[in-house]
Structure formats: structure tokens, C-alpha cells
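These are the structures in question, set out in turn.
The two complexes that follow have chain A in common; it is paired with chain B in the first and with chain C in the second.
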Partner chain A sequence: MEDLFSIFVRAIFIDNMVFAYFLGMCSYLAVSRTVTTSVGLGAAVIFVLGFTVPVNYLLENFILSRGALSWLGPQFAAVDLSFLTFIMFIAIIAAMVQLVEMLIEKLSPTLYSSLGIFLPLIAVNCAILGGSLFMQERNYANITEAISFGLGSGAGFFLAIVGIAAIREKIRYSNVPAPLRGLGITYIITGLMGIAFMSFMGIEL
Partner chain B sequence: MKALINLVEKVKPHFEKGGRFEKLHRTFEAFETFLYVKGDVTRSGTHIRDAIDMKRTMVHVIIALIPPLLFGIWNVGFQHFQATGEEATFMDQVVFGLIKVLPIIIVSYVSGLAVEFIFASTRNHEVNEGFLVSGMLIPLVIPVTTPLWMVAVATIFAVIIGKEVFGGTGMNILNPALLARAFLFFAYPSYLSGEVWIYTGLEDGQQLVDGFSGATALAVMAIGEGTMPSDFDMFFGFIPGSIGETSTFAILLGAIVLVATGVGSFRIMASVFLGGLFMGLMLNLLAVNEFMALPAYKHLIMGGFAFGAVYMATDPVSASQTGIGKYIYGAMIGILTVLIRVLNPAYPEGMMLAILFMNVFSPLIDYYVVEAQSKKRQKRIEKIRLQTQA
Partner chain C sequence: MSEKNTAPKETLFSPKNRKLLTEPIGKENPITVQVLGICSVLAITVQLEASLVMAISVVAVMGSANVIISLLRHGIPPRIRIIVQLTVIASLVVLVDQILKAFLYDVSRQLSVFVGLIITNCIIMGRLEAFALSNKVWPSFLDGIGNAAGYGSILLLLAAIRELLGSGTLMGYQVIPNFIYQIGYEDNGLMILPPMALITVGIIIWVHRHRDRSLVDVS
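What follows is the complex of A and B.
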């Protein structure tokens, strides 16, 4: 239980997808204009990561990695399908995103239209694939750990995008120098938020 | 006084449009408003003018900063002579402190104000008075051993990236003074950690006293060796540390000024202290290691806790604006500070980073506080409507 909690907290604050690895920047920068849409996108990312990481964990451990197929019989012990990792991970992610897209379209058409192209683009969001690849690299012991890592990474992205959206709403009427308006100032804010998130680096849980 | 007004009025035409020093108009205006409240009269519409403009507000903060500043100057000298073991009179200590601290203050003001004036003239806005406070805060939160060029670099970075790119005073999202310190902390870590807190530049024939330790109380706790100063020393500030942060007593004097003049928010100060105390007590319950078992009240008098709570967290621009938001914001700062101190071995001091972190999220807190309020009122209106219809 303690392990699960520490993985969750680590993924939110210490190994934050946006501020520690600078992953998922495209949707982070593009959809963070208002708090309401960024809450929608953040929730979608939590949902997608919370599903794809454990599903990919099962794929990795029971089908793809070397010797993973040995549950079928001893003759499969030498089979190594890990060259299929990327394509399989992406396929799972794309399927999940499709599902989320249909759900959002059904449940909240306004959110669906305000997210626009960035909702299907979650499928190629590096934060999502990154979540699965980090899961692979860090060798989590069981599926519950993978779930808590997935949800934690999603929550970290959620926190980042909602935080910057609130800041961008606040500075909407600021007299920012003309060349920096829009994306320029957003990059600067992201850097400053990164400094603030540095407070958690080095914590060992 | 009359002569001064006459002088200002006499040179004024040179700085107006078409005058000889037209380019320096903003610089002139800054000095003019620094000396007098302008006699402008609004001709149309209804306006309320108050003598308490931004300049006067900032001067209140400067007054509140005087106790920790004076104490810090003396403490620099006191710590130095204690380290070398020399006998020194009170005056010696003050003079030594002045020689070390004044250049830092001057460098901070000159470099920061230079940036301000350049931006004001090129972007044609008024010179922002906010730097009067930041320029004083920066020297107070860094160790006295910081090289002057670093002070200048950090100040310029903080003023440009922290403030001017957002449009100047009142628009920044992070506290500029803290940003300067964070910049130094991450860019030149060896100058802001460990045992650099006392000026021990030794001359011929001087040596350190045996058994003398230059580590701050927080470093002592984090490393686990050395002796902790007594509560009395920590409260009144006879300890090593950044120039202005050591004396909780002097800082509380400043807090009284801030609260009495209404410049600093009492809600934020109180909730930071309560949050820190609460988290300290919670960790006491766990008490896995020595740092966690440290009595909760000690967190409040150690390191930069009091200084951050009184002068940094209350910065009206980067803090939460809403009433309830201020409580949440302050309490989170206190909680995070103690958590970072105890749990993060990389940073013995958590105050700076906790405040920066909450600066980032204060717009979000405000957003949801406002949302909740408007929903509540919406409901009340609905209720009244239903009652009147019935």
C-alpha cells in the first residue's frame, strides 16, 4: 500500500511528465487557454494513461517481452516479440483514445468542440507513449503498481495544464511585449513553473 | 520644500514632448512622483484619488523591512567576529556589517533599477515602483558571502524574466525577489548551501576558533552533525543565515508594521504559521527520524520561515487575491515548507521553493474560489426566486 502511494506521488510531483521530462508539450501549450477546456483535456489524459499503462503492462509481461509467452507452454520460452513493442503500445493507445473521443462527444459536445483536433491527437501525445515506456523501463512489480503510476502521471499532467491555464487566464490582460504574446510568454511561464517544481526533485519516497 | 518644487517645475519643460531630454521623460517622471504626489486633476467622469498610491505602499514595506535589515547588518559583524574569536565592540560589528552589506544593497538597486528604467523608456510606460521593495528583499535573502556580480546577474534575470516580460509591476506570477534567489540557488549551488553563511574572509594572523561551526540550524538538522543553537538564539537571531532572515523577533516587528498599515495580509501570515505548525505536529506523530521528531515550533523560528511568511508570501501580486484563497494559499505554503525541509535531502530550506510553488498555483486557487462563490450565489438567487413564486 505504501509503495503504491509513493509511486503515485512520485509520478505527480517528482517525475512530473511536463516539468521533469518536458513530455506532452504540444497539447499542454495548445489547449491551455482556458481552465475549463484544460480540465477536460487533463481528465482525458488521466483516463487514457490510467488504462493504457496497465493494459500495456499486461501486454509487455505476458506477450511481448522475452520469454513472456512461456505460460503457453515450454516451447515458447525462447520467443522474443519485443520488436513489436512500439506498434502494440501505440495500437492500444489509439484504441483507448478513440473510446475517450466517443465518450466525450456523447457526454459533453461543448467540450468536444472546444478540444477540437487535440483530442484525437492525444493518441500521438508523447506523454501517453512516454507513460507506457517509463512503465517498461522501470519494471514495476505488479499491475497495481502500473495502475498507480499511470493515474499518477495523468494527475501530474492534469495539475500542470490546469495550473498554466489559470495563469494564462490571469495574464490575459497583462501588457506583455508584443513579440512575446501567445506562445512566447507561455514558454517562459512553463520554465518558471519548472523552477517551482524543482522543489520536489531529490525527494526519496 | 518650496525651492524643491520650484526646481522640479523649472526643469520640467526640458523633459516634456519636444524638450531637450524628451527621451528621459519617464525617468524624470519617476523622480518627480517620488518626491511629490502629482497635482493632476481629473476633468471628466467620477474618480477617487488617494494619496496612498503604489509608491507610498511600497515605502510602507520598506519601513517594515528596516528591523530585519538593521539586525542583519549587526549580525553579519557579530558572526564574523565570533568566528575569528576576536574581541569587538558593538560599533566594530556594525561597521563590519555595513561594509559587507551595503555594497550588496547598492548593486541590487542599481542593476534592477537600470533594467526598470530602460524598459520604461523603450516601452513608454511609467517606471514601476515595485522594485523598491524587491531591490531590498534580494539582499536580505542571500548569504553575505555572495559575490556582487552574482547579485547583479540574479537581479537582472529576476527583473527581466520574472517581471518585465509579463508587462511590469503587478503582472508577474512569481515573486521577483524569490526568483532571484532561486536563480542563484540553481545556477551557483555551491554559493548558497553548506557553510558559506558567514563572512570569514581571514586576514593575516587570523584563524577560525576551534570547534566553530558555520552551518545553519537547518543544515545541522539535515546533515545530522554539529550543534543546534538554543531556542533563544534562534528566535532573536544570533545565528548564521541569510542577511535578513535570522531574527524572528525583528521580522515580527516588521509584521506588526505591515498588518497595522494594511499592506501585508494578516490572513496569509497567520495561515502560513499555522500550516507549518500543523505539519510539524503531524510529522512529530510519525517521528521516524530525528528531523521528523524536531519540535514543531522550532520549524517556525528556523531558517527563512518567518521571513518568507511575513515578506514573501504576502506579496500582493503573486499571492492569492481572494479571501478564502489566501487561507488555502498560506496554509499550503506552511505545510509544503516543513515537508520539503524534512523529506527532501537536497534542499535543507523549503521556504523559497514552497512559496514559488504556491505562487504558480495561486491563480488556480483564485479561479476555483471565485467559481464556487458564483455558484453559491446562483443557488441563493434560485432559492429566492422559487420562494417568491410560491
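What follows is the complex of A and C.
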């Protein structure tokens, strides 16, 4: 149990998707104009990451990696399908995003209309595929660890996008040099936020 | 082919086609103007060598993805086009990944998951959607190469700045002579850390928009 909690906290603060690995940068910059839309996108990312990371974990461990097919019989023990990883992961992600979209449309039409175009765009958000690939690199022991890693990474993204949106709403009233306005200043603020997040580095959990 | 037939047809490097190739390097740069494909730019620019490999990979994937999608553009049903595009890109990236693993193993270890993340690099997806789906093969090819080159140029510029100031080397060779270190010069360790990549891009955007006032964000 402690293990799961420390993986969760690590994924939020120390290995933050946005500040430590720059994943999901495109939607992070494009959708962070107001706090309300960024809360919606952040919640959707938590949801999708919490689903896709464990599903891809099962896929990786029971189908793709070397020797994973041995549950079919001893003659499959030497099969190594790991070169299919990218295609399978992205297919799962695209399918899951489609599924989540259909579920939300059915269960909560108001949330669906407020998320709008962002929902399908999550499929090409690099944070989602990045989460699965990091999960593969770090060899988590079982599926609950993979779930807590997925939820933690999503929460880290949520925190980052809501934070930058709040700062951007405030900075509209500041006197920023004209060529730096908009994109440029957003990069620099993100850099400064990243430096702040680096203070978590080196903490052992 | 007779003279009469070729006259109305556009030549391979007509001004319009040349513009497709050169615009994305400056005025329509994918990184600083269109805000596409940021993630990998920031993460792998600590060293020039890795960035060079990454830039070449993206040029290869993007040029061929644009050609393939442009060839298929009349056969793809619009409802499933995203899945088709992702499959094409993913197959090309698998090829690049296997080639890197076979011939440049060290660099491929260094790039870690970021080769795989070329798949979700929004610059590729974005150009497929915006250009290749509605244009002929040759312009699409030029558009792909041009945008990838614009991406690569920022990548290399950033990597050169960071590696020179951060570790005093370029491509792994020491550039700053020893006597400067003896006077008391020190490498700026901050440049190697991830946040400085963001701040450096911010400064590049500042300089770019200062020189070209039409790009200034008025909102």
C-alpha cells in the first residue's frame, strides 16, 4: 500500500509529465487560456491515463514482450513481439479515447459538450503514449502499480495545466514586451515553474 | 513529352513549390509560430548529436508519411482518417526505431521513449490533416520536408546553444579552449537542466518576433 502511494506521489511531483519530461506540451500550451477549459482537459487526461496505462500493461506482459505468450503453450515461449509495441499501444489508446468519448456522451451530455474537440485530441496527446512507454521502461511489478502510476501522471498534468492557466489569466493585465506576448512569455513562465518543481528532485520515497 | 504539354503544368521547383519548402523554416515555423511538436524539442536538446539524429528521423518520417497519405487521400473514409493516419505514422516510426537500434544503439538509448513519441508528435499529424489530405503528392512531399526542416533547424539551434553553454562542447568535442577555464570560466550547469530549454525557446521566439513584427500576438 505504501508502495502504491509513493509511486503516485512520485508521478505527480518528481517525474511530472509536463515539467520533467515536457510531454503533452502542445495541448498544455493551446488549451491553457482559461481555467475552466483547462480543468476539463486535465480531468479527461487523468481519466484516459488511468485506463490506458493498465490496459497497455496487460498487453505488454501477456502478449508483446519476450516469452509473454508462454501461457498459450510451451511452443510460444520464444516469441518476441516487442517490435509491435508502438502500433499496439497507439491502437489501444485511440480505441480507449473513442470509448471514453462514447461513455461521456451517454452518461453526461453537459460534460461532453463542454469538453468539445479536446476529447478526440487526447489520442494524439504525447503524455498518454508517453505514460505507456514509461510504464514499459520502468517495469512495474503488478497491475495496481501501473494503475497508480497512470493516475499519478494524469494528476501531475492536471496540476500543471490548471496552474499555468491561472497564471495566464492574471498576466493578461501585466505589461509584457510586445514580441514576447502570448507564446513567448508562456514558455518562460513554464520554465520558471519547472525550476520550482525541480526542488522535488532527489527526494527518495 | 512535347513542349505544348509541359507549358501549363507546374515545374517541380516552381516559385509556389519552393515557397512550400522555405516558408516553414522562417515565417511559418512549426515550433515558434504554429506551436506544433514542442515536446521532443525540449527534451532531447541537451546534446547536438542526439538532436541531429532526431531531426533526420523526423524529416524521414514526415516526408514519407505525407507522400503515403497524399497517395491514399481519395481512399480514406473521413470518419476513420485519424486511425489510418496513426497507423501509417506508427509503421514508419517502427522502421526508424529498428534502424536506430541496429546502427546507432547508443544514440537510441539516449533518445529513449522519444523515438516512439514521434508518433504523437503533433507536427506530423497536424500537417497530414492540414495539407496532405487535400493536396497532390509532390507539394505534400515538399510541405513535409519543409516543416520537418523548420522543426529540425530550431532543434539544432537549441541543442547547439545548450551544449555550448552547458558543457562547453559541440557534438561531444571540446570547443571552449582550456585557458579560458583556467582564467575562471565555468560551464553553466543550469543550461543542461530541462527548464532552461523552455526559457531558451522563449528567448528564441522573442528574437524571432522582434525581427518580424507581423508575428506579434496582439490578443
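Throughout what follows, the second predicted complex is superposed on the first by the 188 of 205 C-alpha atoms of A that agree within 3 Å, B and C clash if a C-alpha of one lies under 4 Å from a C-alpha of the other, contacts with A are read in each partner's own complex, and residues count from 1 in each chain.
Assume contacts are C-beta pairs under 8 Å (C-beta built on N, C-alpha and C of every residue); 3 or more make two chains touch, one makes a residue touch a chain.
Note that the structure is predicted; figures quoted are calculated from it, not measured.
In the superposed pair of complexes, A:185 makes contact with chain B and with chain C alike. Measured by the number of chain A residues touched, the leading partner among chain B and chain C is C.
In the superposition on chain A, contact of A:139 is made with neither chain B nor chain C.
Contacts of A:30 after superposition on the shared chain: chain C is touched, whereas chain B is not.
Of the two partner chains placed around the shared chain by superposition, chain B is the only one that A:171 touches, whereas chain C remains out of contact. Contacts of A:75 after superposition: neither chain B nor chain C is touched. Look at A:21: by the touch rule set out above, it reaches chain C but stays clear of chain B.
With both structures placed on the common chain, the touch criterion links A:200 to chain B but leaves chain C unconnected. Contacts of chain A with chain B, set against its contacts with chain C after fitting on chain A, overlap at residues 177, 180, 185, 188, 192-193, 195, 198.
Only residues 123, 125, 161-162, 164-168, 171, 173-174, 179, 182, 186, 336, 340, 343-347, 350, 353-354, 356-357, 359-361, 363-364, 366-367 of chain B touch chain A when the two sit together in their complex. Residues of chain A touching chain C in their complex: 19-26, 29-30, 83-87, 90-91, 94, 120, 123-126, 128-130, 133-134, 137, 177-188, 190-195, 198. Contacts from chain A toward chain B in the complex involve residues 35, 162-163, 166-167, 169-171, 174-177, 180, 185, 188-189, 192-193, 195-205.
Contacts from chain C toward chain A in the complex involve residues 32, 35-40, 42-43, 82-83, 86-87, 90-91, 93-94, 97-98, 112-113, 116-117, 119-122, 125, 193-199, 201-203, 205-206, 209-210, 213, 216-219.
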